[in-house]
Structures are given as C-alpha cells and as structure tokens.
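In this document, chain identifiers A, B and C correspond to the written order of the chains, with residue numbering beginning at 1 in each.
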Amino acid sequence: MGDGRMKKAGRLLLLAIVFASVRPALAIPAFARKYGLPCSACHTSWPMLNNFGQTFKDNGYQLGNGRDAPIYQQPEYWPITFRVTPQWHRESNDRVAVDKVAGSAASGQVEASVASSGFDTSGIDILSGGTLSNNISFLVQPFINSGSSSIAQAWVRFDNLARTRWLNVKLGEFELDEPISQERNLLLSNTGGSYYNYFFTPPGDRSFAVLGGNQLGLEISGHSENDYSRYSMALLSTFPSHTYSGYANFTQSFELPKLGLQRIGVYGYLGEAPTYSQTSGGAPIPGAGLGNRSFYRAGAYGMWYVGKFDFDTFYLHGQDNVFLGNSVPANQPSALPPGAAGPAWNGGFIEAHYTYNPRFVLIGKYELIRMSRQANSEIRSDLGNLDNWAVGYRWYPIMNPRGGLAWVQEYSRLLNAGAAPLSGRDDATSSLLMGFDFDF
Amino acid sequence: MKIKDMKTRCVWLAVVVVSATLTCGRWLTSAAAADTSSSGSVTGMVKFDGNPPKASRIDMSSDPNCKSGASTAMTEDVVAGANGSLENVVVFVADGLEGRTFQPPAQPAVLEQKGCSYRPHVVAIQANQKLNVVNSDATTHNIHPMPANNRESNMIQPPGVPLDLTFAREEIAIPVKCNVHPWMRGYIAVFKHPYFAVTGKDGGFELKDLPPGTYTITAWHGKLGTQSQKVTVGAGQNPKLDFVFKQ
Amino acid sequence: MHRMANKTNLTMAFILLFCALTSHAQQSHIGHLVGNAKHGKALYQRYCIFCHGAQGDGNGDSAPYLDPKPRDFTKATFKCRSTPSGDLPLDSDLYDTITRGVHASGMPSWRPLLRQDRTDLVAYIKTFSPRFQEEQPVAPIQIPSEPPTSPDSVKRGGQLFQSMNCGLCHGKEGRGNGPSAASLTDTRGYPIRPFDLTSGTRLKCGDSDTGIFRDLTTGLDGTPMPSFASALKPDQIWDLVHYVATLRAASK
C-alpha cells in the first residue's frame, strides 16, 4: 500500500480516459426525413437539442400530430441513421515515464512528453430509432470501432401510458436522463469530448459508479405539455450481482422576458456496489458480488439562454463508502489503511455556446473536480483533482433533412493533480482535433 | 405656440387635403365619362375552326334534386354552334385605357344556379360591382370562387337564399365551382373598366362607347386560351374584328 | 405648462397614428405580447422554411413529400380562422394554429416555442401577403353560448345535415364517403378528402363543440368546406353541432 500503488492506479485511470474513444452523441436525420423538418427545428446546432426537440424526445420521438405511427411512412423509409466522425487529431501527454535510452529498460526512467497524431474515425454509430407504433418508441444503437462492436443502447419505451404524458416507461440499456445530456456535447476530442464529472471515480476506488455511459434498467419519466416540467426516475442494475442503484432527475424551465428559456434542476444517483465476490476454487464467480456498500452522487444544474448565448452550469457532490474508496472487502475491516474514510469530492463545469446561426457555433468549456476527503491519510490531498479546458467551433456546410455535415476544430487540455508518474507533479494531456462530423 | 393656432392650422390642413382629394377625384373620374358623340365601338365574331370536341352528358345522379337539369346537361368545355360560332368567349380591352379609373355600375350582375349548372357559364363584371348569386334549384349549393388575385370565399347557399359577391381586383377569369355538385364549372371575369362582352350562341360581341384611341383587344376562352389583336378606333368609327380559335 | 403638454400629446398622437397605420402589418398582437417580424424571420428560417418555403408559398424542399401540402402564405387564405369566409384571419388565429399544430398533417404543435417566438412568427408570416396591409382587419364571428343538447336538437340537426347536402361529401353516415367525395380537390388542385366524422380523429382546427361551431360558421377557406353563416342561424348551427356529435360518438 502506499503512494506507488495509488499513483499507478491513477495513471492507469488517466490512460484509460485519454485513449478511450469518446462516445459520439445523437443527432438523427432519420427523424428529419420522417417529418420533413429541418435539423434546426429540433437542434440549436445539432446534436444540441432545443426545447422543441427535447419535447419531441420526451414524447417518445413523436410529434403528436397523428402522423407518428410507422404506417404513415413511405415503405422505403428506414428509421436508420449513421454517424461517423473522420478526423485528424494530435494527443500529447506532458509527463510520461520513459526510458532514458529508448529500448533499454536498464537505462533508467525520466519524465518526458509523449505525443502522437494521425487520422481516426472514432468508430461508427448506427442509430435506429423512432416509433414501433403509436406511443411505443425505441432506439437501437450498435457501435462499431476497429473491428469490435457493441450495442451501445437498446431500449423500448411505452409512451403516454394511461393517456398521460406524465407516465412513460423505458426498458433496456440506455443513457441516463442526465442533468445536462452528454448528447448535447458538441466536442469530440479525447480530452474535451465528455464530462469528467459523469465518469469520475477517485483513484483506488472500485465502485466505478458513473452517471455517464449506458446502463441497464427501467426508467419512469414524464413531462408537462410544453416540457417545462420534467422528471425521470430509474432503477438500474449497475453490476451483474444483484446490486441496484437508483437515479432521479427533476427539471423545471421558466421564461425570462427578453432573454429566453431557462432550465434548472436537481438530480441524484444512489446505489450500492459489491466490495468482494463469492469464489469457487479461489476464482470469483461472476455476478456473485458480496459486501455491498453505498455510494451517491447528487447536485444541481442550470441551462441558461441569453439570446444567442447559452450556458450550462453543473455541480456535483460525490461520496463513496470507505470500503469502496479503499478497494477493501467489507468483511476485512482490519485491512483498511490508517485514516480510512469514505472519499468525497465536489465538481462542476460551465460550458458556453455562441450560436451565431444554426450552422455556426462557438464552444468553450471549463470543468473541475476537487477531492474534499481522500480515502485514507496516505493519499495526497489533491490526488484525483482535475481541471479541463476546451475551446472549439463547429460549422455546418450541409444541413438538410437528408443529412448533415459539420466541420469541427477544437483544442482541449486536461490537468491531473499529482499524476506525473515519477515526480508527483501535475500532469497535463491535451488534444487537438479537426475533422468532420457526418450524420446521415 | 398657442393651442388656438395649432387647432386652426389643423383645420386648414384638413380643408386643403379634402378639397385636393375631391378635385383630383373628379378630374380622374371625368376622364371616364366619355363624350358619346366622339366615341366608337368594336364589333365582331368569334368562331371555332374545325370540329369542336364532343360534349358529354353530365351524370347528376348523386343528387336527385338536380332532376331539372339531369336529362339535358352536357359539359360546356367548348360550345360551338353549327356555323362555327364560339360561345362563352370573353372579349375585352386589354390595353389602351391609360390608367383611367371607372366606377362600377350600381346595377348588380347575376349568376344563377339552375338545373345544377351555372347560368351563364361565363359572367363578366366590373371590379367592386355586386354579383347576385341566385339558387333557383331545389337543392343546396355552395358558391366557391377560386381566384388567384382576389379573396377566396366559400358560402353555402340553400334554395332561394340570396347571396352577393364582389371582387376588388381585375382577374380574367376566376373559376367558380360547387363542391357539393363537383361537375359544376363556371367563370367570373372581373375588369377594371366597362369595355367587355361575353359571346352568346351567335358568337358575336360589341364593345360600345370606346373613346378614340389604339387598343389591344383580347379574346379569352376557358379551355382554348387567349388571342389578341390591335385596333384603332376613331371618333364615330366601328371597326370589325374577328377571332378564330382552334383546338 | 398645460399648453406645452397638449402640444406634445398631439404630436405624439400623430406619430403613433402614423406608425400604427403604416406598420400594423409588420407587427402582431397576442395578448400583451407584440410580435416583431424581423425576429420572426430568423425563427421562420430555423423552423418553417423546409416545408413552407423561402417565399412562404408552401414550396419548401419537403413539400413534394407531404400531404396535405404546406400552407401557401402568399394567398392569405387560411383554414382555421374566427373571421367570416374570405376574410383575413386574426393574429390569434394564426397563433393558435402554430401552437396547436394541425392534426393528421405535417404541421407539428409548436407549443414548446416561447410565446414571444410564436408571436414573432405570426408577425413575419403576415409579411408574405400584401392583403395584410391592404385589407382592414375584420371582427371575429360571434359564438353564442351553446344550448344544451336534446333529442329535438339532434333531430333538427339531422334534417339540416340532409337539406344542406352535407351527405353529398361527408356521406349519409358521415364517413367521408359521399358521392362527391372522391372528386374533391382543394383550391391548389390537390385531392382532398372530406372529414370522416365517425373516425374519432381530432379535428384540424380545434376539437370542441365550439370548434365545430366555428368551423361551420367560418368555413375552411381553401378547401371545399363552406361557411354556413349565409344560410343558418346560430341556433341551427348548434343543432348541426349536436347532430355531428352523435356521429362522432358512434366511433367511441
């Protein structure tokens, strides 16, 4: 136990974040084709939804104009959309432990900057979604990247149950009704393309309970007619070991005269994760987790519109149980390190957009996480803290109901406190990206 | 400045404006009241060359109350007499009146629904002249003109209930139909001036009381298109003009 | 002081009158909201242009694939109004259509848009036709309060359904299959079907008894559906409404 192990875990986590493909978000020309509406009707700048588009989504991908059921479509209409993001990008990491002499492990190590660049596609998202019939909607999203594929999302939603828009039930694997949807994300780069607060787990923590990503479960949601009031509650099975978590999100919008629509909300994510497993012959039995201990994430957020500017503000407070935070099985309390406590942290971000017109948008983001309590006294007080800046713009030369093409340029920088492998100094990684976001 | 002066100025301004309008108005309308002794007319015939397309019987069985027309009603796309005279052609002055304005006549024109057909098939009126629509049948019609340049309206008209229409802008010509009896077709031609005529069975027309000048005379038919000819009318002259339409 | 104030008042009154007379078509009024056509134009290009077209003539890129076709604003002929047949709609009629959408057509409900945005859109739509500047706005039709339904009212309504020839288009039972139904076209020449009164589908211009009364009184301009204001008194129109309600109830 000690700094070394923590640092190694932290480094691994860092690498995982840096090189993981960022999940592209959703913008669905198949809907535009179905109704003849332009992309700009639902998206301020796609994939970011405006209130009309958010209402369409909350209605179960239905306009409610009597033409939603597939029977009204031309036989050749396919509710399918492809999204690819062919790009050139450069990634660099300021402090990586490298051999002094390349190829010689015995030559000792120093910290040096490592960079790589090249063309990439970030995989292809295939989205098929819409209505199976009136008030039954679905989404299937296979994701393919470099020969591997997965089903990112697959769900069915029963909409407007008991003829009320306050009761909708979704079942399957789906993205949580996040406070500020990842799908709004206009950035694509490895470093800047996701919200760290949604995925953060402190170094050494084994809960891996995250708001982001896709989860298996059941969601009940509802909204008012103009979508100003929304709620969603989900029961999730995060780990295949009869442990469950719950998520809830409440949003309220209101109009400010001359400024526009503003949204505020609160959310919470509460659950348990196993700390050890039943074993057979010494090997853990999959799905047989034991020693559940709790975690939670909660906070508030706002989406503010001032003419062509809009700002997203987000706050999170997270806390994991001491056993989860120290990766110690709950039946071995003596194995807890000195000063063991449940790690807790605060985080947030502010993201600003300037939508000059539906085809041109400037983006700027700043995000931070600050540990308020580490899992034990041997961990540096600032280990795990991070700061992330990103700036970019998107220009859409093609935007019509048949498809859309955006040209994206962005730069992003992530600073991890104490993550340098040898010196323990802060380590920065950055991404520079330029490419196309092609959705058809 | 004193209120009294302001008020006086307003009053004088009003007086000046009103008298200017009246004077100008009179001057403009006076041009229209032409001196008949020095006016001429254009007369002529409209003929159809060749064999006109055969008219077919209209099936009015969907409404038994149309029986007064049911046995004899024929389509009226091209109605030509035995000697080639072409009916339902609107002949009018298309050019040459140089922006003169004309008051619509006080006497209304009449469009009758009889035997579930429009009588006449083509009616020509002046802008803002009242058109009395009459329902002489024992069944309810709706009167639905479909203008490109005027207000579209659609009114139900039971038997015997009077209904008036007016059109503010020139349009040659507004198709009119009855949706309840979809075979019914008619036209309303609206003019800014009074120099128009619709040919009857004999195919003849006369444009009377034209002031001397050079005019473009146009003949319009609902299915066969338009033709134009230029003519000069001197004082007391009555030039003749014929039009020949083909398939 | 008194005289100075009066002079200012008079000047202001003239200026306001001048502004009102010359610019009333560029504005719209919904409640206390005032619409601005310039902002409405930016909204139109975001939301409306693909169906209704850049010239507002209903020839947007999506129009060939839509049935019914998007409204041609240049003619200023609208289905859902509270004014007599042939007259311009009120600002509130356009606002209500934008808010409600048009059921069983490609026009969605734009309720999620801000009220101010919808008011601005009304102001911009009015710029597509010179009629909004040339014609004086007319008063809406009067809708007297609905008398209660009764077997006699339904019977009278049924007789009116017969004598007004409703059945020739809507069919004897109101199924939309009358002898004239198959040949109906709207004013642009596209085939159009009379409403199936037994279907339970929502009506395009509002689904209440008051909505049906208004449809019968104003007619749906641009379609074969006429106004009955020329022929029937309000009591008779209520009788027709009560009869039509029995046809609709048959489907439930």
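Convention: a residue touches a chain if its C-beta (ideal position, glycine included) is under 8 Å from a C-beta of that chain, and two chains touch if they have at least 3 such contacts.
Because the structure is predicted, anything quoted here is derived from the model rather than measured.
Put simply, the chain nearest the middle, going by average C-alpha positions, is C.
Farthest from chain C, judged by the mean position of CA atoms in each chain, is A. Distance between chain B and chain C, defined via averaged C-alpha coordinates, is recorded as 30 Å.
Averaging C-alpha coordinates per chain places the centre of chain A 71 Å away from that of chain B.
Averaging C-alpha coordinates per chain places the centre of chain A 45 Å away from that of chain C.
The touching residues of chain C, counted against chain A in their complex, run 45-47, 49-51, 60-63, 65-66, 101-116, 201-202.
Put simply, chain C touches chain B in their complex at residues 3, 6-7, 10, 75, 77, 84-87, 131, 163-165, 168-169, 178-180, 183-184, 187, 219-232. In the complex of the two chains, the chain A residues touching chain C come out as 35-38, 40-41, 51-52, 54-55, 63-67, 74, 225-227, 255, 257, 260-261, 358, 400-401.
The residues of chain B lying in touch with chain C in their complex are 1-3, 6, 62-63, 139-144, 146, 151-158, 161, 163, 179-182.
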